[in-house]
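Per-chain residue numbering starts at 1, and chain names A, B, C, D, E and F are given in the order in which the chains are listed.
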Amino acid sequence: MSDVKKFLYVNRKAPYGTIYALESLEVVLIGAAFDQDVSLAFLDDGVFQLTRDQNTDGIGVKNFSPTFRALGDYDVTRLYVEKESLDERGLTADDLQEIMYEDEDDDWAEKPAIRIVSRAEMTDIMAEQDVILSF
Amino acid sequence: MSDVKKFLYVNRKAPYGTIYALESLEVVLIGAAFDQDVSLAFLDDGVFQLTRDQNTDGIGVKNFSPTFRALGDYDVTRLYVEKESLDERGLTADDLQEIMYEDEDDDWAEKPAIRIVSRAEMTDIMAEQDVILSF
Amino acid sequence: MKIGVVISEGPYTHEAADTAYNFVKAALTAGHEVPRVFFYHDGVNVSTRLSVPPQDERHIQNNWTDLAREHGIDLVVCIAAAQRRGILDRNEAERQGKDTDNIAEGFRISGLGQLIEMGIQTDRLVMFGD
Amino acid sequence: MKIGVVISEGPYTHEAADTAYNFVKAALTAGHEVPRVFFYHDGVNVSTRLSVPPQDERHIQNNWTDLAREHGIDLVVCIAAAQRRGILDRNEAERQGKDTDNIAEGFRISGLGQLIEMGIQTDRLVMFGD
Amino acid sequence: MSTLHTVNKSPFVNRTLESCLNHCKDGDAVLMIEDGVYGGLGGTAVSAIVAEKAGSVSIHVLTPDMEARGLSADRLLDGITCVGYDGFVELVTKHDRTQAWL
Amino acid sequence: MSTLHTVNKSPFVNRTLESCLNHCKDGDAVLMIEDGVYGGLGGTAVSAIVAEKAGSVSIHVLTPDMEARGLSADRLLDGITCVGYDGFVELVTKHDRTQAWL
């Protein structure tokens, strides 16, 4: 086994109603320092974490959604979002934040970190991992 | 308004996986001292609270299901169980514990406390209450 | 109107304590009375004085303590639920032989009877939980 | 095999801490190694030494403290999750200006890096939560 | 005599909204709060069961919870009303009892 | 390479079991624990989706959680296996990774 493991953070819960989404992101940020092969998966209600224009002033809770846009700086560049989960919720890719990263292997070209995948592709991605952390 | 209020304890969660069922029962036992008009409703996964032959030795958690059989001593004599919830779960009345009480208005005759009701009847029961406590 | 409130989930983990807080403020603003808030299940964890949330997040326990002081709200923490979860006042700590308590100012530990009493004495009961 | 364990829910409220306990005992009996258990989210509440469950119920914190002592398991409580929820050790209490700590013997507070490290260093990671 | 029902769970994960709607009487009100606000969205896998009930029961969503989740009012099903915490209080007082579908 | 999936939620309330089964590959295993054991029952509103998957995926329930809930093994769908905590450990070691459907 190589020194680098494939870590997948699986996000299946909506933001704000419970703390899992926020505390998942806190693990991702800390975990980024460990130079592992990191991906994030968003499925079921987890896709709601990525919606645009979140404004938490009314509920008095901190809005953590801008943090997703900083993930590129932590070399977290793959956010897989399940298409079927979006469809069931009446969402499209346009409803999600734009999250970009600079690809160091491609002359630092700006690329989107969010990759919409089918349920079958998501299943394959899950099956390739060494460690799966569920939130 | 009379001094006596109609209290309904609504139980919708399965036992042991979470503490709500046990802590609901603790409220019922304390509440019995207040001489209110008390009923219990079991619907959705709440019907699982009443199954026979619960044996928690293997999980190391206290089995609280015998307490339901003591409710008659606390003058809690109406446990409404929703038939549709049983049906969806493949359960029948025979799968539930026998819970009896002595009817003081009928020469202390032993009667069953569990009353299987339809969803429509459950809806009517809920709509008659002064206070609804949800667990 | 007199409105009683129950909080059944822990702070930060679930939005219940936040929604309840915003609801109670609105009820008071509208001229209603909120004589008591009852903390049950993991709701008892709202009452610890040891919580230290990040500087840029709301301080849920402080918010409740302040609101209760300002409006004379009785913040009651269920004793049975609190014992299981490690919430104690000085009396309880002594009685149980524990070296410290951890309850915050403005909260008091009492029995489930206080919940039933609240149900009897208020015009409406609103529960926040999971 | 080396098996790492994560507990994400609070004691008594959710069965997670019980299932994890029974799982870890079975893993040890089968000859596997459980080097660390990581407590995250409400799981940090397992580590309070102030819990006083009824006499006829299991004592979840004591069970973990005893198992860890017997088998040399590293019980790590996430600092960020613990701060929000009011779980402190002596150092943290002093640093935060709190008058007391509440963590039980056998548990230590540390960072989320310990979770990632556990994922890297064990052969399997098993999560218990809600 | 009528009831205010509150629902705080996402209908895509949890069947609580369904159970609530199955136990409403005509003239009752449903208020979606916290993660429950997703139940008010149009064009979803659960919109039909909500729309069906929206005639006999008045359905409301809590605006601050909508905004927190980045959902604008134009995404809501027809006939659903947005309220703030003050509207929540009004609904509680207007109906004879509140039933929380926890 | 295969995965052990754990599910701890009742399928009558929560759609997590469904989501888990939708993300299993042939040769994977599913272990139902805690309130998840209800997913193994025959003759229920969700039995069909479990039975459909029981061929390509091995499905197990945790016996102590069954017993706690008063469910005997004869209520289980055909092809579902009962295991104890020792069997849980075996499943974890036998498969390459464990994915908890929390």
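Everything that follows uses one rule, which is that a contact is a pair of C-beta atoms (placed from the backbone, for glycine too) under 8 Å apart; a residue touches a chain by one contact, two chains touch by 3 or more.
Predicted, not measured: the structure shown is a model, and the values here were computed from it.
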Number of steps on the shortest touching-chain route linking subunit A and subunit E: 1
Chains in simultaneous contact with subunit C and subunit D: A, B
Identity of the chain that, by mean CA position, is farthest from subunit E: D
Maximum centroid distance from subunit A, chain identifier (CA atoms): B
Between subunit C and subunit E, centroid-to-centroid distance (C-alpha), Å: 26
Centre-of-Cα separation between subunit C and subunit A, whole angstrom: 35
Whole-Å gap between the CA centroids of subunit A and subunit D: 27
Residues of subunit A touching at least two other chains: 12, 16-20, 44, 59, 61, 130-132, 134
Residues of subunit E whose C-beta touches two or more other chains: 8, 12-13, 15-16, 34-35, 64-65, 84, 97-98, 100, 102
Subunit D, residues touching no fewer than two other chains: 12-13, 15, 19, 22, 41, 57, 80, 125, 127, 129-130
Inter-chain touch pairs (all): A-C, A-D, A-E, A-F, B-C, B-D, B-E, B-F, C-D, C-E, D-F, E-F
Parts of subunit B lying in touch with subunit E, wherever the complex brings them together: 10, 12, 20, 43-44, 119, 122-124, 126-127, 129-132, 134-135
Complex contact set, residues of subunit E against subunit A: 8-10, 12-13, 34-35, 38, 41-45, 47, 63-65, 67-72, 75, 84
Contact set on subunit D toward subunit B in their complex: 12-15, 18-19, 21-22, 56-58, 130
In the complex, subunit D residues that touch subunit A: 6, 40-41, 80-81, 111-113, 115-117, 119-120, 125, 127, 129
List of subunit E residues in touch with subunit C within their complex: 6, 8, 33-35, 62, 64-65, 84-86, 88-90, 92-93, 97-98, 100, 102
